[in-house]
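The next part holds the structures, each set out as structure tokens.
Both complexes below contain subunit A, partnered by subunit B and then by subunit C.
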Partner chain A sequence: MANTTAAATPPKGITRRFHGCSKIGEYEMIQKLGEGTFGEVHKARDRRSGKMYALKKILMHNEKDGFPITALREIKLLKIISHDNVLKLEEMAVERPKAEGRKRAILYMVTPYMSHDLSGLLDNPDVQFTVAQIKCYMLQLFKGLRYLHDNHILHRDMKAANLLISNRGRLQIADFGLARHYDEPVPQRGRGNGEARRDYTSLVVTRWYRPPELLLSLRRYTPAIDLWGAGCVFGEMFKRKPILTGHSDINQAQIIFELVGSPNNESMPGWDSLPGAQSVKDWPRQTGSITNKFNMLGRTGLDLFQKLLMLDWKKRINAIDAIEHPYFKEDPKPMREEDIPRFNDSHELDRRNARKDHLPAAPAGGTVGGGPNGEWTGPGGPPNTGGPWMNGDRQRYGARDQGPPGVPAGGRGGFDRRPPGYENGGPPQGRHQPDWGNGGRERGPGYGGGRHGNGPPPGDRRHILPHQARHGPGGGDRDTYIPSYEGGARPREDRRSRGPDERPGDGRRGSRDSGNSRDGFINDRPDHNRGYGGRDRAGDSRNFGRERRDGRTRSRSPDRRDRNRDRDRDIYRR
Partner chain B sequence: MVSTAIDTGAPRPERPRPPPPAVVEAEQQWLFTDEELLQAPSIVDGITPEEERTLRRKGVNFILQVGMMLKLPQTTLSTAAVFFNRFLMRNSLKNRPGYKALHHYQIAATTLFLATKVEENCRKMKELVIACVRVALKDPNKLVDEQTKDFWKWRDTILYSEDVVLETLCFDLSVESPYKIMYDMLKYYGVEHNKKLRNAAWAFLSDSCLTQICLLFTSRTIAAASLYAGARLVEVELPNEDGKPWWEVQLIKLRDIRRACNLMADIYEASSSKDGEASIYVGLRSPEDGIDFETPMSLTNSQAPDQPPANGNVNSNDNGNGNGHGAEEMSEEGELDG
Partner chain C sequence: MQASPLANFQATVEQLETSGSQLDGIPVDLEESIRFAGARLTQAAGVLLRLPQEVIAQAIILFTRFWIGPEGGSLAEFGAAHISAGSLYLAAKLSAFPKSARSIVNVYAFLDTIPSTYADLEQLWRENNPEEYYVSPGTYERRRSTLFNMEKQILKVLGFQLQVTLPYTLAITYLQALSAFDDPGATDLAKRTFAHLNSALLSPQLLLLTHQPPTLATAAIYLAAKETNVKLPGVDWWTIFDTDREELGFLVVGLLSVETFATAEKAKWADRKVPLTVEEVNAEMDRRQSENAGE
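What follows is the complex of A and B.
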């Protein structure tokens, strides 16, 4: 390809240009957009083309396991996909510290800069969505999902905060930190989402968007899990807030059944043999209130909605069929992307600031490409606080926890760059808790603040958010441009409504990292945590009943912690 | 819309389809011409092409040995070998002023470390390091622990070289596994239970790790070539479809298969001459060109005029004990029972 000089001539070297990784010098940093568990996010201009990008720094200080495996996974996946409705990884950028000595490089993921995320937009009272616009977004979402599923990829973290929206009306699916390859045959037109033949970890998807089969611990799940999330997003666009905001996994299952009716052999064949079904059997029968609650969708809209929120994962509509649903063919017709009104950035910013005071909770977790702006950033810089403002989560933590006993402060290896407060904090005991019930806790309104000191988390309140941690592994990865709402003081009230997801997760994750992982290595391991931690992300929810309890103690006892970690690790492997 | 039909029964195999464009593009940037292989950075820096090839072999051999010690699957080792070979297309093994080259073993260890993560076959860092020390010292039972000086040296090398490797590889981490492609082809033709065929094709693939074949052909071509060679060896004929020979259905050109087979054949020819026994693989070579593409392979089978290897691995004999040879045997074993 590149040059084909005769072999006989003196070697001149290979002249081709390799693409995929460039020096950080090619980019001009414009502003810091946020700092997530896994690194800072900057808005930057490419000097070569003048285009704007979001650069997410991957932290790898002291990593004992080298470059975080979760980041490798995400990069690998993002590199093999390309679709208009999926956030593209443009390339990687490397910054080599000038200092002498062997210093490790700092690596950035470069993605297009998107101005909003859906969750942020829905939070903005000034932005109104018309039905035609909602159809446009949903169609784009389904096209992105159809593409992913057709390429054997499960996203596993579908939610409004992971849907980025450009100022041109383009919607893109972001955050592939939990995504994985799907080994089964891909969905076919008219045939639902197929069946899986192997087990996958059920610790995925942010709680509020988690489908019933995962809540009941089905391991052989299918692309149908992403469609459930899409259904939740669909409803959310009408209600302007997440529609199923369970404060624990059990509660999540309860409210799902309240909405769509209790599972039975007809609506969800095989449900009673799922591992998590036991407790559900005693619950009162529900007939479902979906038609009343969502009559604003119209007849066909409701039909699509019900097909997305179908309990039976084998019959849940697949993305191919969803695109062809009559809903998108009838009036009002889906708006064209280019006709979607632009939302003013500054506007957004204001809103964000406003939100910060009042609505602490939003989860924004944007992710990789995240919505940088979307969330909060703006030209103004981070809203609140100074340094640490980064993730809200973190901040909070900092304040609150002190760290696990015995662990030297500061040791946190993982994510190093966090604000100091955070760092020290070890995981509080609470944190580890399993997610469960409290899972959300972190994020929840509560996570707020310092309220819980080190102690075990208070049981209640926390839940508010589901937490899923998006960022999984350790927080590490996922990052998000998370703003600081949290930082704000007022979190609680609002929080409830929206925010769980994201944040909680983080927090938790974070904690986990610090906590759990710590066991072995006090210092360096950020990665490790990160990496493996990832798994946890989902973890919160994992078993309904079981673990909650020990969760509490977990943090205290090293052994347990270890064990846990190993377990996570295993899971990870899947 | 939602159909009630549930898939039952074995799904029909999906028809082969080309890999996603992004993957093709990434793979393309790592495919070179024969001439370009002779322009590799180390050669530009004055290492002779033969020597360079030997170093590559030694590096891959290192990967295979460490990999076997860690019981890593062959697929992971093959990915590591690809990373290793790609790395050497951008970085030199020779020091220059202002540039401190990595040793080929160091590169090999780092690419293996990366491959274990990429392929989701992680090993504990400690185990990996210990295996590297043992292989490097050629003492498989050496007592190595954290007190050993070499332990830390290796560990640091691996950790510090990782980002250099990542950058050099442009983060092109998705190497389509030729093993998987080949296995899919076997399944496509319903012959995945033909053990002889499967083992033969698999062994050809594994052995090809020691060549630079991954820099010349796509994984798909390499997979098809191994299957082709395996099918010939065990005399199995794969069916045509709609009048098209199987390789066309699999989107591969026969000419590429032939070229790839010849490259693989070089390994065997070189090593068999060493033992003085006739290699059972000698019949593998066939002219790349000038053959009627329609000719069924059973006909092209017999003629194997031994041409001198195009870029012969002649010097594999040079390393006393036949580094290369040993590795071949080992890798083959490793593979076959997998």
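What follows is the complex of A and C.
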């Protein structure tokens, strides 16, 4: 397994321009961080560099369509983006099954290892956030969002658990399992988030972070949906818990309107023509309690908060303007990343495990709500707040390296910080990728599935989500993160050619890295030639995903081959 | 690793020097023939599947990328037809026009019944016999599993790098920038430009792997304008599209040479089939060997 030859013989100058796939043996698995319906996450050390990575397994549940399109899209997307505040996909790693009987290779997505996720950090009683620190995180979040939106990408699953934080104060947006190409003009300074001209699926975003326009089934939504989630995260950082915890979609809308006031033609123009608006009209009028409940944000903080939680998705502040909001210019000034203290590793996964005893058991049930509007029915237990971490059961979670809480980061020294100006992340080059991501089209011209049509959909499958985890092998002790739709019904999958039953069951391969790192954030991002030229290509690495071929190997029929070929090849391959 | 509408991942010098096939002892001319025939096969299958040219072009580029470099796929190990099908399946899957495995298998089964690679199409349609290309459920199962394996092989060899930038839209933008659409011959010019870009996909010089889309678009426009007698600005307009005279000249020659190459290929293979499976490649190698021995 250990790639000793590679270590001994340095790469011989073959630059793999298409590099991006290595053998699992190049990673040393350190601990399993979690296991769930959708996959496993391992913390692993790269044998070549010694750096820590998180390896997320891609499960191939349903091979009816070959390599899961959802994974493919996520990989393709992650491969073309690069920003300090977006989790980077380092490469893919292939594990070749050892047993004869198993034919299929297992694939892992390799991402840098991050010590915390925001959700876990907020639940860690040892961690106190200062306002300056919150500003630092929010700025980073907005910068990441500005980059994504400017590159025509909607994240569509903004939430605290998807925001990973390194022990160097770096925040990164993770989990692009729901992301898609945004086919519209990107947000411009001072002009909100623009308008969409085509339909997208409204079955996105974890419920607690889902904006009102999605709850009312707006299909032509904009990057504003991600900004709503950012607003929820902003409030959550002060409240130290999710601020809008609806137990069903309908309840989610109710508590949103309780907080920010009922929609009317001024606060949310066009709301009453949205598909889901009917029931809202019967609700008592609310004036909103946001100023009372969030007065700890201060005047300007509250102003930003309200602009993020603006019902009118056309006027909701965009990421560009949020970065320039006076809140980030007044005292206390945003902390510099390197000044943020280090904390115990905290992941959303642990947090849920830790409080298992205090919370009522995950809601029983699992029935699929099937009302006429789809969105408005179902028993819907609390949505899983789950994050990019798969959950695992505790026993499996190996011994943790518990550093002393709150040790200041200064003790480590030697940050390999990027030169000043990195925060801007460089202007995204690609404003529009004509060929890219269009696969996510929800609704082709001839769409006849009816799933997202106006007719009764086959139930809003997302209601069952919290229960799905119970099918996991671990039984009730396990609490798997499943996003707001059942695994099989990934919302972007609604292609005409597939019925709901045929959808790949991979669902969300939701997890990222986990565990702890004394390595902290891996800051260097070699943008090219991350190559492991030392790979020995001959033989097994090429057998990836393939059945053992009937004894046919490269070395057959020596008659027509140069005798030295193998040796030559070795030189080449190295 | 930034995405750019103007840049593509390009083959390195090392990748152009040799290939997995050559390391396996496959002669360069045979490799070129197979790559050309494989790209044509992909194009034909894409047309039969009613895929947009954009998707087909991406598939051809994935197909071409697969074979280059010492770490690329070898024709001694993978059949070109299989990789063609895998590339097309993958490209379509990522596009707005996904095709089912069954459709892919059917189309390739049909194309396989064509008696010779450079067959006369007219004659082909006259002799259409559905029984020849019927794929039974059992055969389909096997072929589907092969297709999925090929898909994974492609992903692996390409390191999951599926981003492909094409020069077509860029060419239109450039034509607009040159005010070429004011000319009465603009339609012909645009068609001819696209035709050259399509030829570039089949180029034995792997033009799409060695030159960036802006340069390709510029060269195609330049050539097309000469052919259709549309007058473009008298100045060195190509420089504003990041193309210098030398590169332009090289590409013009490269684009023009595709036709020569294609004619030569057609003559060379006449009514034979270019070997597109591993077995056929082996047979071809044996044939060549015995030919040499007989001399």
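Basically, the second predicted complex is superposed on the first by the 319 of 574 C-alpha atoms of A that agree within 3 Å, B and C clash if a C-alpha of one lies under 4 Å from a C-alpha of the other, contacts with A are read in each partner's own complex, and residues count from 1 in each chain.
Quick note on the criterion: a contact is a pair of C-beta atoms (placed from the backbone, for glycine too) under 8 Å apart; a residue touches a chain by one contact, two chains touch by 3 or more.
In this text the structure is predicted, and so the values were computed from the model without any measurement.
When the two structures are aligned on the shared chain, A:185 is found in touch with subunit B, with no touch to subunit C. In the superposed model, A:45 makes contact with neither subunit B nor subunit C. By the touch criterion defined above, A:219 lies against neither subunit B nor subunit C after alignment on the C-alpha atoms of chain A. When both complexes are overlaid on chain A, the residue A:315 reaches subunit B alone and has no touch with subunit C. Residue overlap on subunit A between its contacts with subunit B in one complex and with subunit C in the other: 13-14, 16, 18-21, 63, 65-67, 69, 72, 75-76, 79-82, 91-92, 94, 105, 151, 573. Note for the complex: subunit A touches subunit C at residues 13-21, 63, 65-67, 69, 72-73, 75-76, 79-82, 91-92, 94, 105, 151, 426, 428-436, 438-439, 441, 444, 495, 497, 527-528, 535, 537, 542, 544-547, 552, 554, 557, 559-562, 565, 568-569, 572-573. Every residue of subunit C that touches subunit A in the complex is listed here, in rising order: 1-5, 9-12, 14-15, 18, 23-25, 54, 58, 65, 69-71, 74, 76-77, 89-90, 93-96, 98, 100-101, 145, 147-149, 151-153, 155-166, 169, 278, 282, 285, 289. By the touch criterion given at the top, residues 1-7, 11-14, 16, 18-21, 60, 63-67, 69, 72, 75-76, 79-82, 91-92, 94, 102, 104-105, 107, 151, 185-186, 190-192, 194-195, 307, 310, 314-317, 321, 324-325, 573 of subunit A touch subunit B in their complex. For subunit B in complex with subunit A, the residues that touch the partner chain are 1-7, 11, 14, 20-23, 26, 28-29, 31-36, 38-41, 43-44, 89-90, 113-114, 117-118, 120, 122, 125, 156, 158-160, 162-164, 166-167, 170-174.
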